[in-house]
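Each remark here refers to the structure printed beneath this line.
Going by the order they are written in, the chains are A, B, C and D; count residues from 1 in each one.
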């Protein structure tokens, strides 16, 4: 869908990290965790391209300004890194945005009997929160492994805990939770069956998780990032190498259309 | 000077016409009527170039938000015509702008004994208001001839009248004041000596005024507009032909540096 | 007032309005079906097609620049056979002309791809890309040397009876001589411009941002260059011209028509707004209505210089 | 940390930092004295100078475009004699190298203008503009044909002992062959790029906006093209390069240095902010401090490809 959305709120959670709520048509309630949206930050040419963000949450609220009617919303959790996100951070209630959503393929939650291990860090936690919400609602057992360089990379843990998700935090410098890599903490919980990993975060972290998942033969889905222009599979700007890619037998996947969530075994990690 | 300025207020006077007050350093009190400022509407690349505007007013006020201290301001009166002015119209109290001011050469008020005839229309009235204010403060006799296609082009007449300026309004369609051209009304008041004309408005109007001033041998100054890039006489983008210009003996004047106010006899009007 | 006549005809291809989608920016059409009515635009041009499937360049392949973007996709495509088997059937059902953009690594390949498409229902015409800056093997020569370009065009002309559009590169000293060479070699129409070759650098990593180092610049930034070239070529060559480059709205499109274009292609704009092509056609029509202009074709080359 | 070494030397001209002001965008220097410290920048390049005073083109001469601007000033200038009499004395008092940009309507004029400036105190070097797109008489040929360019450079070389910079046009198929021709003919350094030829149209009036119809595109929009050309030339030619095109801030300037430029020229940015050249030099220094880089010269050509 393409729709005009109104900013409901846009709050700085911790320095440089913002949570923004936008209005959406009711159809967006069908959006899957892991799918994403693309928004046009400016109607001028700067910045030119849309910016992609995962869903941090999708739901409904009673919109006071709309006379208490039920209004669908979506939320993103974003980090200010460049000119687009800088402009986003300056938006206020009432500002309008143009959205494409939902885009791409989301997480496959798998059977309910499995234990769901969510692994992420920084803004990688954003789509995992929406995933956790959906999994918890289904009654699944969910654990969160949140890692980062330091405490600033660990966001919204209380939100996860409020859902009843058990959280394991680790930081490289030990400023929050255990000191060390998130994969070390994750590995202690891994068993060969009845588990499924969902990971989102910086590519090196995803790679480490993918390698570990392979070693322990645990199914693992990763949510990837790539520079995007169109978001709909048309420009071929956002591709990644599939597991069997070679110069002779090319196997590129579009992050925007075939992903952003991939089975970690499908991708080439070298 | 180049300085950062804060928007104090930005009010729509009539549909599409705005009056904006901005803070300025005290030195700006030296700005002459007819001089102008250039402001950067956006810190991004769109719009890229600065936009030029005449001074509608320059003065001081007691700034409540600055603890009642005396603050210098400048004001512009502008019409929304394109993307730069559209962006300007969206500014609020507290927004920041980058200004170059004062630029160019202002009106030469001439001796006090003369009668001052101000001729303008639309936003051309803007610099004339500041001129009227200065002339009235000197004790000069000032008359305003405001013309336009219809009533929407006649702005701020009450402001002029509040200064004690006698105003003669004419519109092409007769929706305000006399029906007809401003030059017809002006001509009725012209005498060969003891008068000085100051005109600002669309080029055809200025040309008509210049021709009439010549016919009656009345000194006449006109404030011109031109596309500008630098505003300081460096790019040579804003030139006009001087009276003696020819291909062989070129005589170009910079509107930004040699103008925007010119003696009407100096320019080529063909 | 009556609705204005928005139809145009280019190289025998009749279009309901002058707005076509530019190759490489509209996938194979289906990607955009959710966002606009494919039967509301003038024509669709598909992603550049080569004889064999092509992997394209390593990533990153795109980067934003001031008022534009660079791409170095490297012509990743499914190859002509897969296109015919998998993509064309969908496109053929849409009541809008489909123009297939083709590319060859060698002179011969150009001829072969064109030959495979000849006689196929659902293919309204062929746009020959002699101007892709992002592939190494000779692409540059075909697009920048009039003789080489003429050779490609002659061969493709022999290989197909379809309407033949040749797409020109802006990375040349003299676009008019390229245009003349293609016209003389048998092109039915010319489209221009393809992207300007550019580069972006990651200062902190001290590396080019694109894996391919250089890429093609598109978007609003290039519009003045595109307008100039369209105007130059339209003045000098007696073929219909399709204008391309930074078209974002109806006014931009109409400016290209004044400069001499019979139709336009919309590229980067479809990334900013997937319904751009339809919106632009609508804005053009509205401009005609607002200004009492009866037919869009009357604006072609109507610039007063 | 110690202050980094910002000095560079180009064609024997020693500069306190790599930021020069581009010809035609900084007048004759004095226009900017109120807005920045002329002794804080690397060098000043003056408006293109011809033998006789030149009226330039009719107006409008400038127009804004997406992320850039077109200009068709047409080299309005006071002529070399008036420059020496009226402008140079002021400039000579400023402790910053002054480079004089020169232009000839004919081959001979190039030689004569250069000869008049030879031996003059206060002139640190000459930048030969073989690339102005806005004048009719042959300007295009000198800037787009390697032989013609080489002829100009040889003649100017003979006419002056000053450091000789040749400014290249981007409106060519192969900028490297232009660069080589100028290098072989005796240039001490190359500066690039001049403006890209473009056009803008007033849809409602159905007329070109510029009286000259076409003009030169400058500003952020052209930066990717400029970076690419600087990189191509720096790889292939053994002369110092001065990078120009859309430089708006210190990061932009440093990107050009990574691509191979020994110094940069700031053009359009001075219109947006008359203190731009000084600000950019300061931002470059700050980047070096923040990243512990001891000398700006160490970044020249440091791009890892």
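What we mean here is this: a residue touches a chain if its C-beta (ideal position, glycine included) is under 8 Å from a C-beta of that chain, and two chains touch if they have at least 3 such contacts.
On a predicted model such as this, the values are computed, not experimentally measured, just so you know.
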{"item": "Chains touching both chain B and chain C", "value": "A, D"}
{"item": "Separation of chain A from chain C, taking each centre as the mean of its C-alpha atoms, in whole Å", "value": "36"}
{"item": "Whole-Å gap separating chain C and chain D, where each centre is the average of the chain's CA atoms", "value": "34"}
{"item": "Distance between chain centroids, defined by C-alpha means - chain A, chain B (Å)", "value": "54"}
{"item": "Euclidean distance of C-alpha centroids - chain A vs chain D, Å", "value": "47"}
{"item": "Contacts with 2+ other chains: residues of chain D", "value": "66-68, 219-220"}
{"item": "In chain B, residues with contacts to at least two other chains", "value": "45-46"}
{"item": "Graph class of chain-chain contacts, one of line, ring, star, complete, other", "value": "complete"}
{"item": "Chain C residues within the chain A interface of the complex", "value": "24-27, 31-32, 34-35, 47, 53-56, 59-64, 66-69, 71, 73, 76, 219-220, 248, 268, 270-275"}
{"item": "Complex interface listing, chain D residues touching chain C", "value": "65-68, 70, 144, 171-174, 196-201, 203-204, 206-208, 213-215, 217, 219-225, 227-228, 231, 246, 251, 254-255, 258-259, 287, 291, 302-305"}
{"item": "Complex contacts: residues of chain B adjacent to chain C", "value": "45-46"}
{"item": "In the complex with chain A, residue positions of chain B that touch it", "value": "42, 44-46, 83"}
{"item": "Contact footprint of chain B on chain C as seen in their complex", "value": "66-67"}
